[in-house]
Every structure is written in C-alpha cells, then in structure tokens.
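There are two complexes below, and they share chain A, which is joined by chain B in the first and by chain C in the second.
On to the complex of A and B.
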C-alpha cells in the first residue's frame, strides 16, 4: 500500500509562510509529479512529508494514518535529495545497505536485497567502488537505489535528474519510469521542468508560489489549464479578452464559437497556444486570415518563434518553417477549436 | 610546481626545520665541546645514559604526567568544541560576533596573565597545585583553538547528509555517531592534535598553577637546563619534541590524503 494524503498543509520558515492550504491526494501505485518553478516550495513539501520539517498546520496521512507525530526514521516515506548525498566514508554497497542496517536486517538478507537493487538500477559491478570514483549519473543511481531498497510506501524524489546532462537525464528518466511500473511504488516526483513532468507521470500537480494551482493528467493541464498562470507555465503566451454574446467570443482576434453554456455579456480571458496558430506570407487577393506584420523572430532549431503585430495585439506563433523575417507582412489563422476559454470568476 | 623546484624548496624547508635539531642531536652525544670547535671534541652516551638510568624515573614520570595532562586536555577540548563548533558553524544567532571575540581573548592575552589571574581563583577553589587545575588552565587556550578548528569544519558541513540519513531510517543519536562523526573526523583529529601539542608545550602556566607539584616534561626540562648540563638538556629536549615530530608525520600521512570532499 502507498496512499498519501496531504490535508490543508501550511508550512512556515520562521515568520514566512511558504506553503498554504495545500491539499493533495496521491493514489496507491501512482506516479505523481509535483511541478513548480524554483522557490515555489517543492522541496519544503517533500521535507514535510518525510518528517524533516514540521508543518505549522494541517495533516499528513500515509495509508490513512496520520504521521504528524511519527519521526522521520519511522515514516514509511523515504526522500531522495536533489544532490546524491552519498556518504563519502562508505562504498557503494554500504551506502545502499545503510537503511537496511538501520532496520537491523541480517547480513545475508541485506546482501540479497542489495544485489537485486543493483541489477534494477544497472549498477552491477560497482558495489565495491568508492563514492568519489563514480560519475554523476552513477552517484544519482546509487542515491536512488539506497531509497528503493527500503521499499517504502511512498518514495519522494526531489529533482533527481536536475544535475545530469540531457542525454543522461533521458536515460535516468526512463529508468525511473521502468522501475515505477515494475514495482508499482507510489512516487512523488518533484521537478521544475514541465516537459519532464508531462512525460514521466500519471498525474501532475502544479505548485505556484506555495499554492497548488491544478492537479490532473498531463494532457488536462496542458490543454485545459485552469487559469492564465497555469497556461503561462506550460508555455502559453497569447492571452486575449473578449465579450461573450450568443455563445460566441467576440475579440480582436476574431469571433469564436465557445458553446452556449458560457454566460452572456461577460468579459472573459482566452488563450491560444503559439504552435496552434497557422502563419503564412500575406497572399494577394481574398483571404480570411488576420493581417499582421512580423516584429521579431527567434530560431530554435526544429521550430521558429515569430512575434506578429496584429493591430493592437502582439501574437506569438511557433512554426516549423524558418521563412519569416522582421517587417514581413503575414497572415495568421486562429483555429476556433484550439481556443481555450478560462472559466470566469 | 616542477619536480626540481619542489625538491629545492623541500630542502630549504628541511634545512630550516632540521638544522636546529641537528645541533640538539650533536649536543646530546657530546662529552666535550668547547668553543670555537665546530664539532664536539669527544663523543659519548653519558647524557642519554643519565636520562634513561640516573634520572630515568624522573623523566618517565614527567612524560607520564605530560601525556595524561595533554591527552585529557585534548579530549575535553574536543568534546566541548564539537557542539560549540556546530552551533557556530551551522546556525546564526545573536551575539555570534561577541562569542568570536571572547574566543580570541585567551589566545591573544599572554598565558602568563591568564595563569596569574586564574591562580587566585584556583587557590580559592582548591584547584591550585592539582592536575585538574593545570588541565583547567591549559584548556583556557586549547579550547578556543579547538573550537575555531571545528567552527571551520562545520561552516563547510552540509546538514542535508543528516536529513538524508534520518529519512533512510537512522535515529538522531545514530546520525550523530554514524554520519556526523565520520564526516568531521579529520577536523576532530586536527583539533585534538592542536590541543594536545599546545598543552604538551606549556611551561609557565603549568608552573604557576601546578606550583612545581605537577611536574610535566617542560617543567623538568627547565630544571635540568638550569643545572647547566647542556648534553642532558639537549637529550631531554629531543625527548620533548618527539611527540610533536610523530604528530607531524601522522598528520602528513593521514590527514593529507583524507578527502574532505564529502563534507561539503
């Protein structure tokens, strides 16, 4: 079992409130990402769950039991820190066996578990290495193995990939995913990288400035962001306002059908993702697109970011073609079905 | 540095450290050595025979006293310096600057003044002319040194290691013994070594507080030097610097290689 329930959590550092009104339920066997920018309070939450920080208010439940009065060493939630933090005076096998020794497991049993985890984390043959003789990626895997070997109900991972280069990062991410689906261990995976969160997890919880903003499946957060700030975090750049009348949104960028359930006469905010806008050089003759002029472009390799001035608005477009230059007259088309209208307050 | 220049600097350092020793060694084996001879005119083992047989008991007792006093001083200094250094290196609190000034005071004030001042107090407390009193006065400067060493160690110490260990199932006490201690062991060795050698070389403060009753090796050494027998004084001096020499070799061998990288 491995259910994690955070109820109305508030965490302070001295007089500073870091986390407030935090509610999150992680299901048994789930891989949940806790996503947020640097300083949002992700590490703080993990430390509270691991018992290394006492929350100012609220409760933490593991498998339905409150653990507020349980010291960290007795909690069935193990945290892996951002840095590997391998004990320098122990070799790899001793590091991995640290938790087992704390549990008082007999040597033979422990060696069997360590052997299995070495295989799972692809560290075979390194068990007698000194810690400083390992590469960064190997150190990170030892840190992971050291926690995995304890088979905790909940594994708390604090940006375990952030110190690795792009290549290694992908391999390590796949390794964690494989281990998760093989062991069905409940994991709370902290990251500041939105694509990493979308790729690795069953569900994503987005934390902005100490508050939980949205929880849901990766596609849900990406395609149906709850508010403009969530959309902005996932790369949304084009926000515009319009009047809702007769099931249509009337805005500077055009009139879009938004369904009858949306209230009449209200000013509402909508967004369209840069990659959903189609852009073309201005054609002669009749067209139904919006006219605009390229303000600037940024080449990003497989795509190019183009900022287009359309009347009073600036629209950002992401296009696979590197065919636009500043000053050029263009035409953009906004597909109505890709418009995301935010719920009103 | 190139190998040749390293050898050059090495020999300069070796000469400055070694030459005074050489003259001590020569003196300890000299039977007769009068000015202006560059070399002793007669060699012999009289001095060594004297300090091992005639005065042997005296020398051995003095060594024993010195070892006990220095070891106990070093042990107490380290036991207090570890928590103190941790508090200073890991936490910010009001009055930290004041603590730092207070710690430097016994180091900059001459030991003579400290010993004189303490003497009156120690007489009242019944600590004068006792081992406890001598250890107490040695601690007044050994302890600040030890605290400064461990302050530095803990300033570079990453407490996340302890949090990680606790999350892996280690209790607070186990974390101290199995994680913190091994991590700061090099620092503890340096602090203990410092404290031991400082205490070992004390003469004036031992004499004032111990009142001649606590005869450590330096006290005996001065007595023998006063007698004007230079070969004997040289031999005792060599015995006196032996532990410092051993400590130097030990620290070069063990602390130099020991990586402090994990502490960060």
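On to the complex of A and C.
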C-alpha cells in the first residue's frame, strides 16, 4: 500500500510562509509529479513528507494514518535528495545496503536484495567501487538504489535527474518509469522541467509560489490549463481578450465559434498555443487568414519560433518550417477548436 | 600550531598552470624552512653521532644513541612523555566530540560560544601554564578558596596537582588549550557534510544512535585522527609546560633533552641531542600520519 494524503499543509521557514493551503492526494501505485519553478517550495514539501521538516499546520497521512508525530526513521516514506549525498566512507554496495543494515536485516538476505537492486538500476559490477570513483549519473543511480531497496510505501524523488546530461537523463527517466511500473511503488517525483513531468507521470501537480495551482493528467494540464499562469508555465504565450456573445468569441484576432458559454458579454481571457497556429507566406489571392508581418524569428532546431505583428497584437507561432525572415508579410490561421477560453470569474 | 585542514593548499594549487606559479612563489619561503629545519636536523644528527670537535669529540659513533636508549632513566622519561601526551590527547578528544556535536546542532551560530572556544587558541601555552600554577599550586587560588570555604582544614590538605607524579597540572593545561583546536576542526567537518548526510540517514531508517555510530563517527574520524595526532605531536615535543609544572624526576623527554644539552659537562651534550632527535622522529611520524588522514578525508569530500 502507499496512499499519500496532504491536508491543508502550511510550512514556514522562520517567519516566512513557504507553503500554504496545500492539499494533494497521491493514489496507491501512482506516479505523481510535483512540478514547479525553482524556489516554488518543492523540496520543502518533500522534506515535510519525509519528516525532516515539521509543518506549521495541516496533516500528512500515509495509508490513512497521520504521521505528524512519527519521526522520519519510522515513516514509510524514503526520500532521494536533489544531490546524491552518498556516504563517502562506504562503497557502492554498503551505501545501497545502509537502510537494510539499519533495520537489522541479516547479511545474506540483504545481499540478495542489494544484488536485485544493482541489476534493476544497471549498476552491476560497480558494487565495490568507492563513491568518489563514480560518475555523476552512477552516483544518482546509487542514491536511487539505496532508497528503492527499502521498498517504501511512498518514494519521494527530488529532481533525481537534474544533474545529468540530456542523454543520460532520458535513460534514467525511462529507468525510473520502468521501475515504477514494475514495482507499482507510489512515487512523488519533483521536477522543474515541464516536459519531464508530462512524460513521466500519471498525474501532474503544479506548484507556483508555494500554492498548488492545478492537479491532473498531463494532457489536462497541457490542454486545459486552469488559468493563464498555468498555461504560461507550460509554454503558453498568446493570451488575448474578448467577449463571448451567442457562442462566439469576439476578439482582436477575429471572431471564433466557442460553443455555448455562460456569462454572455463579459470580458474573458483566451489563449492559443504557438504550435497550433498555422503560418504561411502571404498569398496574392483571396484568403481568410489574419494578415501580419514577421518581427523576429528564433531557430530551435526541429522548429522555429516566429513572432508576428498583427495590428496591435504580437502573436507567437511555432512552425516546423525554417522559412520566415523578419519583415516578411505573412498570413496566420487560428483554428477555433484549439482556442482555450479560461473560465470567467 | 597550524591546522592540517588548511595546510593542504599546495595539494590543490598543484593542478593547473596557476599552481605552478604559486609553487614557484613559495620557493623562497620553502627554502628558509628547509635550511633552518633540515639544516638544524642534519647538524643535530652529526652531533648526536659524536662529531663535536669543539669539545674534543671528533669520532663518529652511534654510542650516544646507544647510551641514551639503554639508559633506564630515558625509558622512564619516554614512558612519562608518552603518558602525558596520550592522556592529554585522549581527554581533549573525548571532550571535543560532544562539544562539536553540540555546537553543530545549534541552529544558529552563537558568537559568544564561538568566541569562548576560539579564545584559548590565541593564548600561548606558557601563559596558561603560569595561570594553572597560580590556580592549582598548594598555596594557589583554589587551595586558598577551598580552605576559606571550609572544605579543607588547611592549604596543606589540598591535593598535589602540580609538579605531581601524574602530571595532572600539565595534562589540565594541555586539555584546556587543545579542546578548542580539536572541537573547531570537527565542527568544520560536521558543518561541511554532516547535516545533509544525517538527514539521508534518517530517511534511510537510522535511529539516533545508529546515525551517530554509522554516520557522524565515520565523518569526523579523519579530522579527529588528524587533529589528535597533531595535538599528540605537540604535547610530546613541548618543553615549557612540563618544565614549569612537571616534577624533577622523572622528567619528560624534552626537559631531559634540554637538561643534557645545557649540562656543564659537554660530554652530555650529544646525548641531549640524540634525545632531541628521538623526539623529532616521533613528532614527524605523527604529523605525517595526520597528513595521510587529511588527504584521505579530502579525497572523500569530507573537507574542502
């Protein structure tokens, strides 16, 4: 079992309130990402769950039991830290076996478990290495193995991939995913990388400035952000205002059918993702697109970011074609079904 | 006394072109040290081997070493010195461990406590020895205070704490002086890596005792060993404190060496020097071992 329930959590550092009104339920066997920019309070939350920080208010439940008065060493939650923090005076196998040894597990059984984890984390052959003789990625894997071997109900991972290069990052991410789906261990995976969160988890919880902003499946957060800030965090750039009348959004960028909506006539904010806008050189003939002029471009490899001035608005477009130059006259098309209209207040 | 944790600068500067330049810049200073220390040492060896023409001693021989080493008084002195240095080191280290742990657990650095701990580092041993003498002598402050308070009938009942057989005054002086040194060395290590690793240990199910036994002790061990060896080396070779607070027989080795060297009988001089060389060898062995431990600690990232 491994159900994690955070209820009305508030965490302070001295007089500074870091986390407030934090509610989150992680289901048994779930892989949940806690996503947020640097300084949002992600590590703080993990430390509170692990018991290394005492919340100022609220409660933490593991499998329905409050663990507020349970010391870290007795909680069924193990944390993998942002840095590997291996014990420098032990070799790889001793590091991995540390928790088992603390629990008084007999040597033979421990060795069997360590062997299995070494295989799972692809560390075979390194068991007798000193930790300062390991690469950064190997150290991260030892830190992961050291926690996994305890088979905790809840595994807390604090940006375990942040110090790795892109290649190794992908391999480690896949490794963690495989381990998760094989063991069905409940995991709370902290990251500041939105694509990592979308790729790795069943559900994503977005934390901005100490507050939980939205929880949901990756596609939900990506396609139905709760508010403009959430959209912005996931790469949303084009925000515009308009008002809805008779199922249509009237805006500077045009009139779009949006289906029946409440709050007829009120000003509402809408957004369209840069990659959903179509762009083409301006045709001579008749067209229904919006006319604009390229302001600047940024080549990103597999795609190019193009900023287009349309009247008073600047629209950002992401296109696979590297065919546009500043000053060029273009035409953009906004597919109405891709417009996200934020709920009014 | 220099801290072995800071003398490693050369080890780091050796890398890269900047390090070479720095090493070159250090050359004059190194030369002075080498000539003064190495030269003195060589001269000492020459004299200890019996070459002292001014005194009419012109023959090379190991006889002086042999005579020193076979002298039962030398053995007494050697054991006494070993006891004093060993006891001072063990007691100071034993007190420093809880002191460092206590200081490290303070969430904020307390300036007052740090000042109290740093103060003894700046006071010369000689000054402390004299202070101890005033405090603990049979007619000293403590004895008079105890008499005044009615705890003892007269100052004569006060236990002998200086110039005594157990070297209590000497050991107290060293302990008081060396506790801050060891404590601050341990504190540096605990601050550098201690807290994070203890948190890791906690989430990996180690209870308080296990965290101390399996994390704290191994973390501080190299620094504790290095600091203790330095303290041992110092107390083994120091002259002024046992000279002031020790008994007349047996003497510690440094006092014995000095007595022989300054004897009006010039024949005793080579023996004094031979003794000095024995002391120097013990001290050097301790310092080299301390360096080895420091190097190991640095390799493992326990110290910066």
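In the analysis below, the second predicted complex is superposed on the first by the 344 of 345 C-alpha atoms of A that agree within 3 Å, B and C clash if a C-alpha of one lies under 4 Å from a C-alpha of the other, contacts with A are read in each partner's own complex, and residues count from 1 in each chain.
Here, a contact is a pair of C-beta atoms (placed from the backbone, for glycine too) under 8 Å apart; a residue touches a chain by one contact, two chains touch by 3 or more.
Predicted model only: the values in this text are computed from it and were never measured.
In the three-chain model built by superposing on chain A, chain B clashes with chain C.
When the shared chain is aligned, no partner comes close enough to touch A:13: not chain B, not chain C.
In the superposed model, A:72 lies in contact with both chain B and chain C. Of the two partner chains placed by superposition, chain B and chain C are both touched by A:81. In the superposition on chain A, contact of A:103 is made with both chain B and chain C. 47, 50-52, 71-73, 75, 77-79, 81, 83, 85, 87-89, 98-99, 102-103, 131-132, 146-147, 150 are the residues of chain A that lie in the contact sets of both chain B and chain C, per the superposition on chain A. For chain A in complex with chain C, the touching residues are 47, 50-52, 71-75, 77-79, 81, 83, 85, 87-90, 98-99, 101-103, 130-132, 146-147, 150.
Residues of chain A touching chain B in their complex: 47, 50-52, 71-73, 75, 77-79, 81, 83, 85-89, 98-99, 102-103, 131-132, 146-147, 150. Chain B meets chain A in the complex at residues 158, 160-161, 163-171, 174, 179, 182-183, 185, 259, 261-263. By the touch criterion given at the top, residues 193, 196-197, 199-207, 210, 214-215, 218-219, 221, 299-302 of chain C touch chain A in their complex.
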